[in-house]
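Below are two complexes that have subunit A in common, paired first with subunit B and then with subunit C.
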Partner chain A sequence: MKLKDTIHFNWYKNLFVVFLLLVCAGGSAALTGADFSEVFENAGQIGIFMGRLAHPDFSYIPDILNPMLKTLQMSVVGTVLGVLFAIPFAFLATTVVTRNRVVTGVIRFLLDVIRTIPNLLLAALLVAVIGIGEATGVLTIAVFTFGMVSQLIYEAIETIDEGPIEAAESVGANKVQIAAWSIAPQILAQIASYTFYALEVNVRASTVLGYVGAGGIGVMLNSSLALLKYERVSVIILTILIVVAIVDALSEMIRRRLA
Partner chain B sequence: MTKQKTSLQQWLIAAAVILVILFSAAGIDYSSLAAFTPSMGLEVLKGLMHPNWGFVYDGSGEDLLSLLLLTIGIAFLGTAIATVLAIPIMLLSASNLWKAHPWVARIGKFVCNVLRAFPELVYAIIFVRVVGPGPFAGVLAIGVHQIGMLGKLYTEEMEAMDEVPVEAVRAVGGNFWQAMLYARAPQLMPIYSSLSLNHFEIAVRSASTLGLVGAGGIGAPLIFAIQARNWAQVSIILLGVIITVFLLDLLTGYIRKKLR
Partner chain C sequence: MISFEHVSKTYPNGVKGLADINLTIGDGEFVSIIGLSGAGKSTLLRSINRLIDITEGEILVNGVSVTKAGKKQLREIRRHIGMISQSFNLVKRSTVQKNVLSGRLGYYSTWKSLLGLFTKEDYERTREALENVGLLDKLHSRSDELSGGQQQRVSIARTLVQQADLILADEPVASLDPITSRKILSDLQKINQTMGKTVLVNIHSVELAKAFSTRIIAMKSGAIVFDGTPEELTGEALKAIYGKNILEEEEEAPDEA
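On to the complex of A and B.
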């Protein structure tokens, strides 16, 4: 930290930024019809809601174990598929491998576009195209993972040690051989670690996918909410929380082993 | 880069992972894929190739541009609320501020975890009930969810910060708040701004889906179009969402690079 970073300097610039942000916030508030007094007036509703959530109906647990397992299975298969497809594209998305700015640029743009589609919208779209079911959920997770992991992998490839590539090139290896023997060994551990990270993210995300008909525990969440059975909603949320915590802990343990 | 020896333990982990994958792949119901035929996919693709350009702007306030602006507004206000409210939570839950009373920090962290636990969609459903359907419910859903997210990240940054400037301020007789203002804030502000911007990006993505439950934004017309299989409409909305998210990511990415 340098002296010029302290708030005595540039305070007029900071003030301008704050002013700008306030204007944006004011604009947004006008646009969205924000009225905070409404929140306090209807705070009773939150109380009622929370009160009903506070009485979980534990007898419902046996009914949600199977959908929960399905959700986990969907996440695992989707993650694996997504990572498998992400690897070749990630290699193509770095100039380290392609030595060609155009190919890399095009692939990166495609990956960027895939990443911008929100998860739930993708699920809704695929449900409309393919139909309701778990396979749709798997596909959604696979596409989502593909976008997320391919970026992580190509960023990893860009930081590798270029020595082995040069060595392989000098003995006449082609691009595929370089990718397999010079680059892959350096990033395998990272890919494995990213896969587990993606699994963590996916388990969280997949719990709501069922809301649009893409299978798993979200279907139960949706129907319980629609039927106003909040005792069930709270059991479902509790189950999701516990499962997510377990998956996080397991995957973190494995990732630490890999590192 | 040396060739590593693979131990028995690593083989066991690999075998377990493969078993889990096979078990999962076997457990999924693929029957919905059987009903899918290439001609159906082709029909959808054909529809998606012809966006309904008339929807972009028609002056009614229910067109693409105004809805996208509304979506951005929801995300911005939600993130702004979360940023403002995450700071007190952070002050409560940073353990380096509560050295004498570690239990306070534990309570703060617990609050963050609880706030983060519910999916945004569930918050949206709650707030649709509280303030009625509309964009404001979306603002509150994003706001409350992100207090937990930002609170946790802010706390982590606060706990990881360099304490030397703080000690320096304390050494010349500065009190707690002076140390906060002159030593902690200047160090943390750029990181906090960057985190908030990052969560604004995330919020734009969520805001475009919250319409599913009636919390305003572009989500509702998109779902209606998908359910009506009006692919021209779906296509133009998706295009709008993708371009908006893409441009905002570029903008926030640029600002975040400046902040560093």
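On to the complex of A and C.
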């Protein structure tokens, strides 16, 4: 049997793709000056760091409970705000609702722009504009959630059954009534599910927002690292891990019920 | 009364949906429209409540031009035209009550319907309509728990609540079994005979069309090729509608719009 009769008939093409990937990886490493030998040379340093991390200072826990709670609150408030604003924009971002390509195009472009801003950059910008503190964190999370959830919702709207829309139209309903009566009931469960998904993402993301001054547990993490208090860093990381795990588990449980 | 005056519809892709239709349908008639897929039955029905815009001519419903109606006027006209379709068009996640009540949307302002401020009379109308189709016990059931025939009866109840004096039914029984089909059509017949509502039905089954309607219209390539009583629809007439050209017709036939 010849090779060209088997599923491997394309082998030279596949080999070429692998070759291309290697060239890309090698080229990037050379350009950025990445050097793996450095990692091994500094192995001793890693050992010291890990050693100190392995001795968490549990007496520090009472001091981080409040910031951790603040982080959670920031996430919840930010998520709710973001979703509330996302809903109307998501409706306008589909031709199913607007029947107008221009309106939908403009709204989608705006949403795309908002989504391209990285989380931390957004936080840094807002810190510069509003100042340091939890309010900035809330706003960052709200904007980030808005961008993410609006896309999820409008994609959900595009997959709905359009029959009820025609039915509402034929009884003389206007566009707002169609949105509220024919479309919303079909996607409400999904919106709720996306909200919890966004909350999961946000709790994880919000722990580092403090790094740029947007409040919460990140502030403590930042200062402990800067002061080389690895025993504290260790406790903070553990706390974050546990909280994130609890939030994820709860949210997943709720989302499964919604589906 | 519905009247078509030199109505034509050409789709953007060049397909002729309707070709110079002149037609008058009187109050209280039960009209079946038959013909091959793509003959223009759906286009004819949907042009009446302007879910499809015609390209030439004018359609009048009770003397008012549907073709020239403004946005607000069109809403008012649509209030009085009920519509039933092959796919039932219910919000499956909503209750039967909510689906039937939605027939009243055209009578409410936006904010009142958003807040769900429906009048006592409309709740009563909903109960009556469901009682009429024998589904009062399903008032609070979710619509997707119902069988196909029951769902279609809910959509009939919606047109009753709407107090439509004209009911357009686009292939109402195409997805139902023969026995349920007969039940649905006799429901429509009952509504036609006891409440005096005009009923227009697109239907594939010639047998059912002959059994239930007072008038049969046959379409072919966007034109009316037969218009008469069920008795007049003889084998010869049927041959002219479906006859030898079936293959040719199917080749030309656009997808049901």
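Keep in mind that, in the parts below, the second predicted complex is superposed on the first by the 252 of 259 C-alpha atoms of A that agree within 3 Å, B and C clash if a C-alpha of one lies under 4 Å from a C-alpha of the other, contacts with A are read in each partner's own complex, and residues count from 1 in each chain.
One rule holds for everything that comes next: a residue touches a chain if its C-beta (ideal position, glycine included) is under 8 Å from a C-beta of that chain, and two chains touch if they have at least 3 such contacts.
What you see is a predicted model; the values in this text were computed from it and never measured.
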Q. After superposition on the shared chain, which partner residues are touched by A:177: those of subunit B (first), subunit C (second), both, or neither?
A. second
(Q) Tell me the contact category for A:35 with respect to subunit B and subunit C: first, second, both or neither. (A) first
Q) Which partner does A:186 contact after superposing on A: first (subunit B), second (subunit C), both, neither? A) both
(Q) Once chain A of both complexes is superposed, is A:252 in touch with subunit B (first), subunit C (second), both, or neither? (A) neither
Q. Regarding the shared-chain residue A:169, is it in contact with subunit B (first), subunit C (second), both, or neither?
A. second
Q) So, does A:161 touch the first partner subunit B, the second partner subunit C, both, or neither? A) both
Q. Both subunit B and subunit C contact which residues of subunit A?
A. 161, 164, 185-186
Q | Complex interface listing, subunit B residues touching subunit A | A | 1, 13, 20-21, 23-25, 27-33, 35-36, 40-41, 44, 69-70, 72-74, 76-77, 80, 117-119, 121-122, 125-126, 129-132, 134-136, 138-140, 162, 165, 181-182, 185-187, 205-206, 208-209, 212, 216, 219, 222-223, 226-227, 229, 234, 238, 241-242, 245-246, 249
**Q.** Parts of subunit A lying in touch with subunit B, wherever the complex brings them together
**A.** 1, 5-7, 21, 24-25, 27-29, 31-35, 38-39, 42-43, 45-46, 49, 69-70, 72-74, 76-77, 80, 112-113, 116-121, 124-125, 127-136, 138, 161, 164, 185-186, 204, 207-208, 211-212, 215, 221, 225, 233, 237, 240-241, 254, 257
Q) For subunit C, which residues are in contact with subunit A within the complex? A) 49, 51, 74-79, 81-83, 85, 87-94, 98, 102-108, 110, 113-114, 155, 158, 162, 168
**Q.** In the complex with subunit C, residue positions of subunit A that touch it
**A.** 161, 163-164, 166-174, 176-177, 180-182, 185-186, 188-189
